[in-house]
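Take a look at the structures below.
Shared between the two complexes below is chain A, which pairs with chain B and chain C, respectively.
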Partner chain A sequence: MSDLSDERIREEAKKALREKGLKCVIGWSAEGTPTFASTEEEIDRLSFNRSCVNNLVPYLTYEIRSQRGKTRDGKDKVVVPVGVVVRGCDSKALLLLLNEKILARNEVFIIGVPCSGVVDPRAGGALFRKCVKCAMRNPVVFDVLASETVQEDEKDYSEVEAIERMSQEERWALWEEILGDCIRCHACKRSCPVCYCDECLLDPTDVAIKPDTTAEEKAHRPLWVERSVNVPENLVYHLARLPHLVGRCVDCGECERVCPRRLPLRLLTTKLEKDVKEIFDYEAAKEEGQKPLIAMSCMEDENGFIM
Partner chain B sequence: MSATHAEKGTGEIPCAEGEQFEPKIVAFLCNWCSYAGADLAGVSRLQYPTNIRIVRVMCSGRISPMLVLRALKDGADGVLVSGCHPGDCHYLKGNLYTRRNLQLLRSMIEYMGIEPDRFQMSWVSASEGGKFADVVKTTVEKVRKLGPNTKFKVKEEREGGE
Partner chain C sequence: MSKSILRKDKVAEALSALGKQSVVYAPVKNKRGIVEYRELGKSASAAEIELDGKPDTPPKAIIFPQTEVLLTYRKDKDGKFEVTPARPDEREKVIFGVRPCDAIGIAVMDKVFCGGKFTDPYYKARREKVTIFSIACDGPMDSYCFCPSTGGSPAATEGSDVMMYDVGDSYYVEGVTEKGKKALEALKGQLGKPSPEQEGRKEAIVEKAKSGEGFTRKISAESIAKLDNSFDSKYWDDVARRCLSCGACTYYCPTCHCFDINDEKGGERVRTWDSCQFGIFTMHTSGHNPRAVRAQKLRNRYYHKFKYSKDNIGRYLCVGCGRCIALCPASLDITKAISEVK
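Coming up: the complex of A and B.
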């Protein structure tokens, strides 16, 4: 991208830092490293270019939620607003969090950057697969836009459709190979912008321990997925992650990007998104104030396979 | 959970050469409709296969996809979820939420190459003892055709037998 948008990001960030008293602005440095800028000098390091691959929304969620709590007199603590720079896909995740009331609109200052794709450092200069054909290049929720909007493509389901056309044995062979490779490092759920629970039922070691948590409580947590790494446990892990993403996954591709084994995890989430669209005519983070899919009363749904 | 854990110890149903495979099916029935329906089937002395192990839950809305997956993982050959007809739920909407969730789960199971027929769902009201018997018969037939559930087993166990 041009220096023009960099200038604009810095200018707006500085203005907001002064006027709105932001705690910091989360953005990328010119090398693509996530950067927390809380002074004007630090803001001068912010940039956006093709190497800015991280989704910054999880950092934002953490920054804001860690400020929440009660004061000694039982009042809610004041949350200092935080600024963030988002691409199109990140802004969708952010909109979902706003819709789910995890973040409030006045707690965030959003600088949107229309994006025409970022480069996969592991693919030698090629664009990420999700970026080749992208239906969410322009931010959907923002306070200021750093550059002109860009042309978006149609959503591409060709990879998913190719798998759907396979026979059942072929599909199992494909997934067995993929799941056999998974080391269950939980990076996919850790980096997911819409997975914000303090403790996760898919990770037996992930317990939110408070001062009053007893040893008994720690010992008696249900063990939904065992810790051994093998195909069946990996299968249960990946299948169980999906119901939590129903109508919520915005297909930002962060899970696939962080996977150390380079598993094509977007094949799962894209299929889920496609199903949600086809069966329920619902799209995650389509507009502000949208209700969650699973929380809607749905008498008119098809009975489908149900006897 | 508890039922599947209890069953874990019994292992596979032995299936000798030429003998018919008897699938083991975990059935989650809601307290207000399907469980009463199953009761009625029993009281009316309707015949249905004995392959199902019933877990009674207060509402089919309680069935999270985790329960289905865990049952399959712990050795069930099939899972049946049954609740009240839409609109008849004792808690008004429980079965509607479950329908949304589990429909997508089934589609994802199919997508990952697991036989979708291992997971069945039905609406059975308290007065439909006959329907319950039919549902169980169909489920058992479908799962029997598919054979033992091997995809949720570690490969060595799968090949070496138990």
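Coming up: the complex of A and C.
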């Protein structure tokens, strides 16, 4: 939040660049633009302030996974570690990826920045709504912290609770209107830090066909969502994404931030997080080494929604 | 009545006069604060229209909808297919309150869909029914605007049928095309004669537009020329590194016109918007993808906007509205990307 933390970010980034041989450090510029610094000179441009709105974790995943593969003699390619600057919410997403073994702890160097909220450019200088009351201001996984930790708030569920009180018909009308307004540009999915699949059943615009994919595999590729943009297809796209995010979504709000239609998508993810907490007593990315929710099902789990 | 005055307090009346012969679209603020074109009388009223700024969305979807059924087909008992072509929308339409950049966007799409060797009958049928009432801008509408860099201007008339100039409590109204002059005949009851002072104000807007005054965002012709020799530059890897390959820029672009055609469930052949940023866009059935990575996809968008289109249809495909900058989740900036080409 201050020049002091900027100095600390740069100092630690340079040190790690030298000592750990990082490929680059992903951070923000003073203007808040995502920046990839691979020299000390470029590191001097890194900063953290209230205009740093992007969750940088998707870039980290891309930088590391694009290095993966096999060498000619069949060995795993060596992954050069990558540095990243994360706020509290970003760090939760990163921890989830580490817990899911998508990224390995030794592949990342994490500079944590405690955060008191960032500014929504569409709201004329006001904080993002998600930042007004935030229960994840301090990074949960990091190698170094760039500044002192800050006070966190109780999570605010008031908007979700208001929807819970609605009748089924009212809720249907609400979501039909909101999701009917989606243009399916896929910004929400592409910016989601925990959406890392090469191919997505709900995204007909990207396929993981490779030169060695057989004709049969291509012919049997299931298509769950048509290219047509209309209410039923949009509902399938958004609502079928949710079960894939149960116990995984950390409610960082990136989907809502990037939406060019300004759809209140966090109403869905906050509800998801709340339900997971209430029904399964589980919180995504709570601690290192935590088992995924999906791997913890037991006979005692509530199953009223099935029968 | 080719030069006249429409008082602002008579705009609603004028819109209902236009609405007698046509369906009228105008910019309206939606529930979430996005200003976009809506059909008046159906989903919005004249009282709600927002004519003072640049609408958040271009009017392209009125002429080139995101989802369009081209034909339907059914298989009968004997296994024969019965094919029914979709009927074009035959209603006359007025799009009111278009900004010059967006009107140019439509003129550019006309070149693509109707200007060359091939004509797109679906686009053409819709386009022929459309009359465009534009409002000249008094300088840049926001910090993202850069139309003078792309061959446009805040008072450009290309693509517009009627031009309106905000001269205070009134609009100075001028028919540009025959179609526009004809449309103005329906407004005889609302239009008045301009005073010399109003004439003067209109001239001042036109002069200011010529000077390009007030625009801070720019792309120079020299940097565009550099594209000729920068195709293989490593520069594109750096620029695209933060691109997330979503389609926000292309879907909000007034000139992006790429589409896909699929046979969908229920026997419909549907045309939808496509985006060069999506992985399937250039995917071959063989599994080879000539533009597999972000840098190749993003470079293609920039080259298509500033080089291929110039070579093919004689004009940039970018109109300088700046929406792709304003909406990019990764704050990519086309003006910066082109200006810094190495």
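The criterion applied here is as follows: the second predicted complex is superposed on the first by the 295 of 307 C-alpha atoms of A that agree within 3 Å, B and C clash if a C-alpha of one lies under 4 Å from a C-alpha of the other, contacts with A are read in each partner's own complex, and residues count from 1 in each chain.
Everything below uses one rule, namely that contacts are C-beta pairs under 8 Å (C-beta built on N, C-alpha and C of every residue); 3 or more make two chains touch, one makes a residue touch a chain.
Everything numeric in this text was worked out from a predicted model, so none of it was measured.
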{"item": "First, second, both or neither for A:I183, with chain B first and chain C second", "value": "second"}
{"item": "Touched partner set for A:P260, first chain B, second chain C, both or neither", "value": "second"}
{"item": "Touching partner for A:R50 - first (chain B), second (chain C), both, neither", "value": "neither"}
{"item": "Contacts of A:N230 with chain B and chain C, given as first, second, both or neither", "value": "both"}
{"item": "Which superposed partner A:K133 touches (first chain B, second chain C, both, neither)", "value": "neither"}
{"item": "Chain B/chain C common contact set on chain A", "value": "230"}
{"item": "For the chain C and chain A complex, residues of the former touching the latter", "value": "30-34, 66-67, 238, 241-242, 244-248, 251-252, 260, 262, 264-265, 268, 270, 272-275, 278-281, 283, 285-289, 327, 329-331"}
{"item": "Chain B contact footprint on chain A (complex, rising order)", "value": "163-164, 168-176, 201, 222, 224, 230-233, 235-236, 238-240, 242-243, 246, 268, 271-272, 275-276, 279-280, 293-295, 297-299, 301, 303-307"}
{"item": "Footprint of chain A on chain B - complex, ascending", "value": "1, 64-66, 69-70, 73, 86-87, 93, 96-97, 99-101, 103-116, 120-123, 135, 138, 151-155"}
{"item": "Chain A residues within the chain C interface of the complex", "value": "31-36, 54, 58-59, 122, 177, 181, 183, 185-187, 189-191, 204-207, 209-213, 218, 226-230, 257-258, 260-264"}
